[in-house]
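Think of it as A, B, C, D and E in the order they're written, each chain with its own count starting at 1.
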Amino acid sequence: MTSLDHLVLVSALTLALMLLFGRMRIAGRLAVVLYAVQFLLLMQTGALLGEPVASSLTLSVLDLQMHWRYDALSWFFAMITIGAGFFCAWYAAGVWQERYREEGHSPRLFHVALAANVLTMLILLGSGDLLSLFIGWELVSWASFLLMAVGGGPAGRAALRYLVYAFSGGMAILAGLMLIYTQTGSLDYARVLSLLGELSDGQVWLLLLLIGGGFAVKMGLLPFHLWQAAAYAETPGPGSSFLGAISARMGLYALIMLLVAMLGIGRLTAMEVPFTFLSARDLIAWIAALTVIIPTYIALQQHDARYLLAWHGIGQGGYMLLGLMVGNAVGSAGGLFHVFTYGITQAALLMAVFAVVHRTGTADLNKLGGLVARMPLTFLVLLFGIISLAGLPPMAGFVSKWMVYRSLVAEGMPLLFVAAVVGTLGTILSVYKLIHNIFLGQLRIEHEQVREAPLSMLLPMLGLSTLIFLVGVTPGPALSWVAAVQASLGLPPVPYTLGGIEDPRGGLDMLWLVGILMAGFGVGALIFFGLGGRSKRVHQLDNYAGGHFLTADVRYQYSDNFYAGLMHLIGPWYRGAFLWLEKALTATVAFLSAVMNGFYRYAQPALFVLATAVALLALTTA
Amino acid sequence: MMSLTLEGVVLIGALGLIVIGALGMAISNHLFRMLLALVLAESGANLLIVLSGYRVGASAPILGFGDPTAPMVDPVPQVLVLTAIVIGVGVQALAVALLLKVYRVYGTLNVRELRDRMDADVATAAGVEADASQDAPAGERPLPPVPAHASVGSGGFGRRGPVPFPPQSDERRP
Amino acid sequence: MIELILMPLAAFVIGLAMVLMMRRIGARLQRRVGPPLLQPLWDIIKLHGKETQTSHGLIHELGIVMAIGGFVAAVTLMPLPGMNGLAEQGGLIALVYMMMIPSLGLALGVGQCANPNGSIGISRALTAMLAYDIPMVIVVFGVAFFYGSTSLVQIIDAQQAGGFATWGIAEMPLLAFAGLFAMQAMLGKQPFEIYVAPAEIATGPMVEMGGKFLGGLFIMQCFQLYAAGALYTLLFLGGGENWLTFLIKVFAVVAIPMSIAFLFPRYRTEDVVRLVWKWPAMIGLLGIAFLMY
Amino acid sequence: MTELIKTPRTGETLPVKAGKRTNPLANVFDELVRFAQSRSLFMLHYCTGCGAIELPPSMTSRFDMERLGIQPMVSPRQADILLVTGYVSVKTLKRIILTYEQMGSPKYVIGICSCTVNGGMYWQSYATAKKLNDYMPVDIYIAGCMPRPEAVIAGLRELMENIRQGKADSWKDYYRHYDHYLGHQQRLFGETWQTPTDVIAEARHYGLFGPDTLGTHTALLEQHQRPLEALEMKVDIPELMARR
Amino acid sequence: MISDLAVPNLFVAQAGQLVLPVVLPLLAAFLMQPLARVSTALARGLGPLVLILCAWITAQLWIQLGDAPFTLAIGGFAPPLGILFYADGIALLFALAVPVFALLFWPGSESGGGAGADSRPGSDQADRDQAARRDALVLLLVAATTGLALSGDLFNLYVFYELAAVASFGLVALSGTGRAQVATFRYLMISAFGSVLALAGIAILYMQTGTLNLGQLAQLAPETLNNPIGSAAFALMLIGFGVKAELFPVNTWVPEVYAGAPARVSALLAGLVSKLAVLVIVRLLVLIFPQPEAAQMLLVLGVLGVLTGEFAAWRAKDFPRMLAFSSIGQLGIVFVAFSIGGEIGLLAGLAVALHHLIVKSALFGLAVRWNGSLEALAGAARTSPLGAALFVLFALSLVGVPPLPGFWAKLTVIVGLAERGTPLDITALMSILLVTAVEASYLFRVAIRLYQDNPDPVARHARRDLGVSALLGAVLVAATLGLRPVADVLGAGAAQLGDRAGYIETVFPSHVAGKD
């Protein structure tokens, strides 16, 4: 029994206990404790800095050996996974769970689904060969499907859509694995690694298309992004947080295994896209950049807070891949670090939004407003979250995005840089819409009696936002993990300090930056509160309306079509091309299906028999 | 040109019977004709079997009949063909019985009509909408139902409708 | 350490003079006399001296604090003659992002006011930001790429090494032009001031700002003008060898958009975006193309 | 109702801020602030009538108000001066009062044209408020039909001088004699009249409460008043700790 | 009669019992009708009793003699002249599966299926007669299919095949509704036409070789049948036997019949009978037609079956029909697997076939109550939580989700295809992967619908159907846990099945030949 075995066993135990006791009220707290234990066990494995930790379990099927091990990369992702599980279980443990039960859902199913997700992700992250990777992959896919589908109703439809995407992706991966298998005769990492170099460019392209495409589905990379928003948004609160924080990143993990660990950035750079001047790496980087831009601007159009954040989740995945594809020390560190910073950010954001849903019963941005007066702490969490999501100082998201930008500048990739900034600007626009329409502006009359989110939900939210801020101020410790991951992947490790990045050509020191920002705020406060006279808060209806008398029953809030001017310009650019593509595919399947049905409904089947017999006989004599 | 032996003629005849039967099954529009075509085809197959054991000039393989030392026709296929004929007749009888019952229920033995009626019947029994017949006229299609979200206000000033929760998915045009 | 106090102070004073200059230029172009010398200061004092101040809540107040504080922090990242402040620790990218903090603060504050005019103004302002930031980052990228550094100190050193010939504007004229264009929009001056639109949405973001709230915004405006001018000077005009040349450059830079501003009516939001994405962005990309190949 | 109409304005004229304070530093700042207030005036012109015609010339190149530090502003929150430039119909008056109450103090009202003084040519109109200063304290009237820009500027200069000397504080009058002004407003608009600004609370908050702030009319107001407390943002920890 | 079977053979005492699983049900089937006149209870008990007996005998044989294949010459006439039964591990396995599954899906009082809703009320006596007829037919089916598994003679195979066909016609038509009868007739026509072709194929074989004993055919095949005429014979027999095996394109009867027949009968036909027909084809393929053309035919038709079946299922609107189409697709995969050849191909084919046997039977077991439209299944999880959970389990295994046996079966097929790697194989591989996604889509559309909220869900399952499905589900889970032993058994079976020389050796022991 190695430490990895302990970890997986405790995770499996969590699942079993949730199955047994999930119905009881204590289940939530039990889950929290168990996730904490898992976290401690993970810390004890020492996979981050030391040698990879192997599991004592091995299997062999069809002469294919399967084994499991944890290296720094696995540790890093596992840390985020368990952490997300911990916070989400905490969020769910108290009042949320009771409400969930009252609404006629089964908290047991939810806890089981969450535990299953964590367990399967841990298994996936430990995969030591391609077969176990695939198995882990499928397990994760179905576990996420379970978590998505527990909501029922629209969640079921979204989950089904996810399932079709994920399963098609899984099948593509299987095809790709078979390609590898036929070429190398093995699915073991080490052996595959040594033989991959002998593959022709065409085969590698095929591999990228099949396996990369399959993994990209989970990550929501561009042509495969349509499923994600609805599936994540419709999942019950903490589940949505969990999925948003880490689930899609499993795709990134697998892509890292494929692109960085197995093929290597160098190989990708060497491969030319036919008839263009792009290399494979540029192509992937551009896919990543488009994944940043397009979903972000789709998010801008949403008027459901959950959907808005879920769409951003897709977009932020693009930054991670973009940073990795830049491939230098700072860039790849930025990509990896963004997994962490974005994970805590998205978890906090979705928790805050679901706290609002918990209290008001709606996530429709056109039906909220002014809640800052009623839910100030939730507002604070959301504020920290959006600053981090938009990548503004002093929050965690800034550091990782800064690293991505910095690497793009250093490598001289202007268009990608602009694309990344366009994405960030879109993010700023839409997160402002988010916080404005929920928390700022006029408090609606039906929300007069709304109270702050319950403590059991508030505490994990506050914990996460503290983390966001702390990581933003002192990214050093977290960057040390990233550096270890880079080392294990064979990438140049990032030169980090406690406050940021050391670079003679322009580094970053968040300690100074945050210090001066706080000092600036201090000066601002001094000027504002010290020099100005006393102020009096007034009622929200005491407001300039061109001399009009406002009443509570008339909304005095600007929320629908928030960026009307911008939409005037870019509105027609939303062509729904991918949706169209999806519909076309569905229609093709439907058409094929109708044709096949027609075949079986044909009135004179004897004709088929005859035709086939003739065809076969002709074949044999030919 | 190769000269035709008797065997050859019979062989061609047997194959021809099968082909005629098969074609008859494939193109006839009436179930009973189909059955008759099947009978033809079966005879062809039986003939083929008998032929497989036939030797030119050999005597019948019956003890005490003809010259016991002379070459005999292979008896096995003849035995087999007996079995095959019996089976064939049994199946045909069953088929005719079924046809009678079918005619009583549906009042037709026309293949297409029958197929459509049966489809409708199956669909009704399963409680689903039957697929449109291949031969049904294309006109008179019902208008598509009004989408549910069209009647629900999407929010904004002054538009108050029944508020669905959770709200409709609102990917307008991603 | 003393630098960190002096830099915002200098920025404020220079900013006050810039506001005056702006109003004077406007007045002169309209054949008026214009305000007296200390008018910007009187405005600020008067606004802070108001006896009743209408607040719409804590965020309304903190928004103003953030707006001022963000700029106070940002100006310490821009090296002045003889003062490097925190330029070593932040760099260009951090600076650009730091300068978004005041916008965010203001946006939060305005949102809390619960006035749709303000929200519309902010929505337009953010849209305009989306527009002008794209040429802006193209310019920033070009400069950082050209000098191989994101450290402003190193960029200035490189520019000052060979006199005018090594100034950014001489090395990268296209980027310099794009930067100037973007600056016009960044300052929100005509023809890009749709988000203020006094007659339509009652000065947009400022609609509920009175007293010290408005005063805070006036202070922010001083910083904003200074920051825009100084940033451009640092990127393209070789920074300041000494205070005299620095001031001349900074004022000259700010004077250009001011002079242009009062000659134009305004564009609609989508036209702002269309225009800024078309011309300065394209010119900037062309400039980068020249740099890279 | 008759009672209400008769309600006289009882309060004494306000004690003008006489004399200097003992703390010289305070004096310095007081003077400075008053000076700044006099040199920086943002006006909100409530263009109710023909008087507005004369404002553009006074602002543009011929007379150029900006050299005096006077600028137009669009929102009452930002403005110091409320310019009422013409006849005031009852319906308009409601808006003028609303706007006036939303301005930040110190605030000044200038009535331009004869109509604001006594109704002018609308004296016989049933729909016009005759005397603006019945409903809000007016600092300066500029009579004329319409007054020329010179007159406007002269009026503004006088106001500036008053401000500098600390004499222009009729805005305090509105707080201190709110009952009086409210009475007139109620007479015109009916007893359910209410503005969104809680003047009484403001008077309390800023220490501008006077003996005549409250009275019979405010009592009547309180009977109909919808509450106007600001939405307080607070975190109630004990309530949080309690389950649910 | 049994004593007649005694043959001078090493396995005298026990091997002789091999004939019992065929003979006993046959006897019982013919006894059923007169017995029912005498005693209803006795008649009712007879069928299950016989089946249990058969299962027990077969199990005994398998346990004691299953290691090596052995033969039984009927009537003591030695091959090649005599007719013989050949029993290896796989044959015994299927021979065991037949009575067991017939027992599990014994059409009892709960007459479900497409007919269940509107079966006409009749008199007691008529019901009893009906029951006796039905039981007799099932027993007939059992006898015939067991014969298919065991027979070592081509013509005997044909006879058993026809017998099974007639029994299944009867069972399908038994519900008495018009649509069932039309479906039966169409089934009958295709089946009979197929038989004609198979018969023609047999005739050609006989012309070429002069024997119908599989062992001897295997001996002679390399010289006499490795030519276009041999391939043509295979093609004809493939189509002929393919009718029951749901081979494309002779499977057009499948959806109608499964939608019209009682669900339990469908379970037997889809699960069991089709597998036996597959076994026959595999025997032919392995023993007589090792040429690549034969395998290619199988591959092409298999791929077409996969594509048509799964795509058609995507659009199915009622539960039995969806299962029927899915069954076509799955059998297509079985054919593809067997076409790979070699041990891995046989292993893959066996794995997929057995997996499908278990899963599809169980799903049809659930269809006894869920026989209506898919729409109507909304909320069924509320009334029948175990049924819904089982459906999800089977669906997961069917689409191939890792730890479940379905995944390993499919993986074996895919690995086999990839290893051979001709363009045709790669096409097949891609097709299988593609339709698996389609399959997941329609199966889980149903699964999600099961868990929807619906105030008026369908009736819950009868305890028996649920019990059978749960039992099969347990088998599935057990196979997951004991993957290694199962794989070993199947591997050994596949090795035996593919051992052509071994078959010849068993039928014609060389030491005997040597002595001669």
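The definition used in the following text is that contacts are C-beta pairs under 8 Å (C-beta built on N, C-alpha and C of every residue); 3 or more make two chains touch, one makes a residue touch a chain.
Remember, it's a predicted structure, so these values are computed and weren't measured experimentally.
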Would you pick out the chains that touch subunit B and also touch subunit D? A
What are the mutual neighbours of subunit C and subunit D in this structure? A
Per the definition of touch at the top, where is the C-beta contact count highest among chain pairs? A-C
Per-chain Cα centroid nearest the overall protein Cα centroid belongs to chain A
Could you grab the centroid distance between subunit A and subunit E? Build each centroid from C-alpha atoms only and quote it in angstrom. 46
Between the Cα centroids of subunit B and subunit E the separation in whole angstrom comes to 21
Please tell me the distance, in whole Å, between the geometric centres of subunit A and subunit D computed from their C-alpha atoms. 56
Just the number, please: Cα centre separation of subunit A and subunit C in whole Å. 35
Two or more partner chains touched - positions in subunit B: 22, 25, 34
So which stretches of subunit E touch two or more other chains? 189, 193, 197
Residues of subunit D engaged with two or more neighbouring chains: 75-77, 102, 202, 206, 230-231, 233
Run through the chains and report each pair that touches. A-B, A-C, A-D, A-E, B-E, C-D
What residues on subunit E touch subunit A, complex-wise? 186, 189-190, 193-194, 197, 228, 231-232, 234-236, 238-239, 249-255, 293, 297, 301, 307-309, 311-312, 314-316, 325, 344, 396, 399, 401-403, 407-408, 411-412, 414-415, 417-419, 421, 429-430, 433-434, 436-438, 440-441, 444-445, 448, 451-453, 483, 487
Quick one: in the complex, what on subunit A touches subunit E? 61-62, 134-135, 138-139, 142, 145, 149, 152-153, 156-157, 159-160, 163-164, 167-168, 171-172, 174-175, 178-179, 181-182, 589-590, 592-597, 599-600, 602, 605-606, 608-609, 611-613, 616-617, 619-621
In the complex, go through subunit A and note every residue touching subunit C. 369-370, 372-373, 376, 379, 383, 387, 390-393, 398, 402, 405-406, 408-409, 412, 414-415, 417-418, 421-422, 425-426, 428-429, 432-433, 435-436, 439-443, 499, 505-509, 512-513, 516-517, 519-525, 527-529, 531-538, 540, 542-546, 556-559, 562-566, 568-570
Over in the complex, which subunit C residues touch subunit D? Could you list them? 23, 27, 30-36, 39, 41-43, 45-47, 49-54, 56-58, 198-199, 202-203, 206-211, 213-214
Complex contacts: residues of subunit D adjacent to subunit C: 32-33, 35-37, 39-40, 60-61, 64, 66-67, 69, 73-80, 102-106, 202, 206, 230-231, 233
